[in-house]
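Below: the structure, in structure tokens.
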């Protein structure tokens, strides 16, 4: 069974190829079948492999498969090879299963679109790239998937290409993540230069052998890899692309936020955790970045009007939690949260998609409301997703994963109270902003401009929603805190690949107290949201009348001004310079140097020499040409004079030189 | 006179002992005058005459040098120069006549259509 | 004078190429007097040239090459005489139809051409100032009449007058220079000038230097080196196209060959200062020649300026002195002959339809490629050769010159040559581009230039020139082998 | 004898000066003949009697007569002299004079380096003749061809009427 | 013998297509296609043959050789030889030959015979350049290929063809003269020390020179190659020439002619002047890195499709330059890879530009937009090659760029970091291209028919090759080491530089 591993990325890629080459000739039905079944098959294979893996673990809990050597130059020989261990197995399951659900959802959601084949082709490519990313056994192959994911995000965000705003968002996504990718590529160079391999496992081995903890090289390498992770996972300071990425179709957002793309950074850090643990400053940076991001994004989410932007900021914020976990060494907690987050975030997006579709592409939550009755499936699933996101105690998956992170932030070796406090604050924000959406969209009276669509979502939409809702609830029960049975299925399984967190503040009481605090934060925030947004909305309106607060709201709304900052710092200067230099400054330098010389020479001849001119150097030649031509006066006496003068000079040189 | 060389083989009459460079200076002056003539005059006849002056000056230089070396070669060259001058003048005058017939002028500057 | 023992028979044999040239001039004159029709006269001229060319092989090895003190018909001289005779042959072929063919009386032209060729031959064979002078003047005098041959047309007349005045003027300089050298050394034979180790009287070496400088003025005029070049464009433009070809090739080639012989045999290259002056001239010539041609709109003037630049390149090879230099100059001259004859040949063929003025304006060539592909092709080949593009003799020539110059470490000149060649590309390409023009631009060309068919002889000649250009450009070995012996004989 | 050299030299220079500054072509020609005659005397003083004779006969005689013929044909009158007056503005002399004096200065510098020796014997006509028809035989032949070229050239250019068409269309010229 | 056949086929085919066109209009393209087809088959056959031969060390890496006397006076011989690098470049040339014939199929209507003559002769010249191992012969071909290319631009080019063609010719030919001078200098240095006048590559390979002489001579070579490659600041001819040339001309220019410059650096500059190249390498690498960024930077601001692509060439070839001067197995492999991949991908972009121009008669990107809606196949291909151009993994360009930068980071990590910025800037221009042409609204209301079968075959094959190069680049990479295996002193110089 394990030997079918290579099919997992290959099937979606094959689907992509078929759809890309012959999409024009296929009917919608066959497109949907091909697009979805390729992912379904790979999900199926993933599940089977997962079962196989757990039932009969391969030696060392590791399975390798190499198709061929990709590049072989003087000791550098990354292959097209796959590596399966507990970590990648979890990832691949999450990726394929959720992707399949999203694909299924899309077959109905996108059914009215022109670019049906194109959509599924891109989606398949997206999934295929993500599978490569996850399964790659070396950094270069991983980088291939990594970039492929970036490309697909570009293609899908800009899917509706006629609108130039979408194109802009798409390019922003690609370019910003590419900034991170560049850092990552440099990190890869560094690793290969000093360690002589790119195979992740041997790399990790050599890192421990050759680099002492805290060595400069380790810090540098980890820092560069972190750059890549920060870009892909939309963390500070490269988080700016994700909110704009909402321009794509909603299933794309779901796919990007839940299963693929943004989780890549988390996965990368988890994959190379050995390196990171050798570089404590970088690890601290990871934690700090996570903490800051989760707070900033939480505040921003609070100020958004667009339902998808709220979810986008929420993703940033949740990934922040994962980073926080990674930063404190809680590797498995991060992956656990990654998994649960994938469930509920996909759920949230998909149900939001139903809302948006019903309201004719309406994104503004202030123009929704009272949809509880009209869209019961969407309401319930969204509610479940929100509860899970807000870590509603006991019943939701998000509770277990987030609590694990918060606890380990406090207790583990790399943790400290400040980080914990940030996480807790983030939890309050989370409840606040997501239930703000819930209350505004589903409760109260309808504020929609147009009457909602009467069509109700079909089975292909509801089934994924329900399945995901189930996951969002059940998914957490495999890892529970000590006072709730202390199940550790997940971390036990994952520990074949990821070491457990180094707990320093052990103590059941502490943990219970902290858990309770977190529960209180979660519940309190939901209650607060209820009060502010449903019960006493006037209070908030009153607050907003204070200009300072309104300004802060606006500041949050625009994501803390990062966009503007970058716009002024990088984008505008680049565009301005590039356009200023469109005609190539080098060419102009040649021209200018010569025209300056000419200005000076032109005291003799006021005529405008520059008019005729082709290019710079030619100007000088032409000037000389004109000057010399003037000597060709046609008058024989002048010619004779030139001969005489020439003879005088020659004699002079002849006798005196 | 220093450097004087009497050839017993030749029955020669003594000549004035003019230092060679004096003769050459004379030739150079005439040459320069011819040069000025060509550069200044616009009338083709004068230009031709100036060329004659210059050629003649060159001939003079040859004769002076021949005298210095007591060789006949200088005079032989003069004879060739005479021939050259004669031919040049004849062709030159023929062109001059053509010019006059065509343009009714002897102005050398009249024929400066081609330039640049 | 150290005359070699008089051996009439062998001397006549040795001299036969020149004698045949002179003789055919006389025969042609007599024939023209009795039978006033251009065709047989032209045929006779060609026959004379062929005979003269054939006798080159007779002359070679017939006896001591030195005939009296004046002439030496060694390998070197014979090579160039052959070149001159061949070039004259081409010019005669081109002239016939150009000057009106059977309908016109232009017998005198052939006499003059033969005499001019003779002058060139004497020049390259001269080993004495007297023959130098006489050869030069024979060439010049014939050219005066040839340039102004279409007597009443304005531009030839103007060109003739200019050339006459300036040629006389510069000969005066040349003669004065010779006189100074004679005054210094008491001899006019090149070999003796080179062999005289000591100067009898002190203070006279300046005479020699000044004399050499003045000779350079005279030679520089003929070679159209800057600053003695100014007549060139006017005369090339004014003269009938085939005669321009003659001036560009025979007159310049003969003078350069002569000058090289003088420098090598008379040891003039020992005079550092004069060599320096000449280097300076070469630099200025290359740059000025190329610059002047840049935006010129008259093909003949472009060719004139180009020929100035070409002489500059030649001078670079010249200044290398030594066996390689002699070979380089000889090869380059051969290439230059072929190229210039071909280029002016095309102009000649195209000019026949326009009696008052040659068709030499650039716009008349617009779209030539599509109207007359073969002619344009030949012209392009010639231009590319002038530009020194591979596959042509011009390339090998330039390469040869560069080899010689690099071998002599003349870096400055080499660099200037490279820069000049790069500049030159512009105007050669400009002509080619105009010829390639299609659409509306080409229409003006069509209007301007009526179509005249080339005669069989002309086509054949141009084809041979083009083939030669490419054959010796791709496989130059035969010519190089010949030149190797030439150089050995001179140096 | 020396005095004769300097005197005739001075006369030659003065007469030449008159030639190049003269306004009337015939006068200038006469001055030129004077100059040539003075040079002939210089030749004689230098011991070149044959050259002196040729100078007088050919140069001052034959060649100058050619000039005279042409001038008579052209029949230049007072108008020509007036035009010369117009052309010869004072400013026009400056450049050529500078050039000429530079050249002279250079040549003078060279002559000042040496060349004080002088020939002591005359070279007679006989010696010249022997040289001409001995070593210079070919030169003489070439000179004859040179004259032939001049003859043919001048003949062609000077031909007044031309019955043929083609390039030499006299009609066109006469009409225009 | 096979080597001269490779050149001769093209020359003869060119002549034939010219003659045939006069005899029967419309047939020239078939002749040309047949010719390049045969050439391609031959080269592929050679490649297959070589796979085994290259493994044998006894060959010294040389697969075939031909040597004949040519001009003994100068020690010039007709010396052709082929090693791995020449082989793959010749294969590339033949392939792009087929592509360029295919993309001229309907574009060139006027004087087709002469066009194909020029096209095939350019290719012949390029093949000659790749095979020549006599410096004179190399120079001969070097200059020779420019003439027909000049004609292609001057006759069949676009609006500013005169200007562009003359600029192209003067830049390349003029710089070639410097190389000629340098060749001669090298030959004479060799002559003075050994007394043998020869232009043979192998003979000249270990000429002893003083360091300054070596540097000067190397600079002569470098300038010529720098103009051709092109290296900033010698690149200004390129945007004009690429923009104005007909499609086939642009393809050949970008795909083949630029490679001759990089090939020259690889084959001549470094091996002939190892020490000097060692001193000079930091400068050259810096210039290359500047070129990478500068080209990408300028490409972004262009409004002319072909001009944009032209500037991307500057950027891409910068990688090749950097790779060559970093001179380690990785960077060299990357440089070779980059050369090949760039040839295919940029060639394809030019083909796309040509297709668009043929249909719309404009290259102004402001006048495009929304092409996806009307020509989805073309747009998909455009997207594909734009992505290839930005160096996405899985495409040939990525392998090249990645290896180059990896090699470079071993030598000079700061420079590598700087050059890596191009990862971002290349995205910027590539996406701007996609956005302006294929995405957005079809404001001009173009109604265009999508790719024809011929165009599809062309582009799809190029896309397949790009992917193949990206996923299994080994055959190409295997060819590169034949040079890299001979590590001259430049590597030592680098090592010393690193030690400091």
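Lettered A, B, C, D and E in written order, each chain numbered from 1.
Assume a residue touches a chain if its C-beta (ideal position, glycine included) is under 8 Å from a C-beta of that chain, and two chains touch if they have at least 3 such contacts.
For clarity, every value in this text was computed on a predicted model and none was experimentally measured.
> From chain C, how many touching-chain steps at minimum until you land on chain E?
Counted as steps through touching chains, the separation is 1.
> Which is the least count of steps on a path of touching chains running from chain A to chain D?
Tracing touching chains, the least step count from chain A to chain D comes to 1.
> By number of C-beta pairs in contact, which chain pair leads?
Most contacting pair of chains: B-D.
> I'd like the most central chain, judged by C-alpha centroids against the all-protein C-alpha centroid.
E
> Which chain has its C-alpha centre farthest away from the C-alpha centre of chain C?
That would be chain A.
> Quick check for the class: compute each chain's Cα centroid; which one is farthest from the centroid of chain D?
Following the centroid criterion, the farthest chain would be A.
> Calculate how many whole Å lie between the centre of chain A and the centre of chain E, each centre taken as the average of the chain's C-alpha atoms.
Each chain's C-alpha centroid was found; their separation is 36 Å.
> When the C-alpha atoms of chain B and chain E are each averaged to a single point, how far apart are the two points in Å?
Using C-alpha averages as centres, the distance is 66 Å.
> Please tell me the distance, in whole Å, between the geometric centres of chain B and chain D computed from their C-alpha atoms.
Inter-chain centre distance comes to 6 Å.
> In whole angstrom, what separates the CA-based centres of chain A and chain C?
76
> If you look at chain C, which of its residues touch at least two other chains?
In chain C, 130, 134, 137, 141, 144-145, 148, 151-152, 161-162, 165, 169, 180, 183, 201, 206, 210, 233-234, 426 touch at least two other chains.
> Can you list the chain D residues in contact with two or more other chains?
Residues 95-96, 99-100, 103, 106-107, 109-110, 114-117, 131, 136, 139, 143, 146, 149-150, 153-154, 157, 173.
> For chain E, write out the residues touching at least two other chains, lowest number first.
Residues 166.
> Per the touch rule above, enumerate the chain pairs that touch, sorted by label.
All chain pairs meeting the touch criterion are A-B, A-C, A-D, A-E, B-C, B-D, C-D, C-E.
> Would you pull the chain B residues touching chain A in the complex into a rising list?
35, 38-40, 42, 108-109, 111-116
> Where on chain A does chain E make contact in their complex?
By the definition above, chain A touches chain E via 20, 24, 68-74, 76, 80, 140, 143-144, 146-148, 151, 154-155, 158, 161-162, 164, 167, 170-171, 174-175, 178-179, 181-182, 185-186, 188-190, 192-193, 574-575, 577-579, 581-582, 584, 586-587, 589-590, 614-615.
> Please output the residues of chain C touching chain A within their complex, sorted ascending.
These residues of chain C touch chain A: 161-162, 165-166, 169-170, 173, 206, 209-210, 212-214, 216-217, 220-221, 226-228, 230-231, 233-234, 271-274, 276-277, 280-281, 287-288, 291-292, 294-295, 423, 426.
> Spell out the part of chain B that touches chain D in their complex, as residue ranges.
1-7, 10, 12-26, 28-37, 39-43, 45-46, 48-50, 52-53, 56, 59-60, 63-64, 66-76, 78-80, 82-91, 93-98, 100-102, 106-107
> Touching residues of chain A toward chain D in the complex: what are they?
Of all residues in chain A, those touching chain D are 641, 644-645, 647-648, 651-652, 655.
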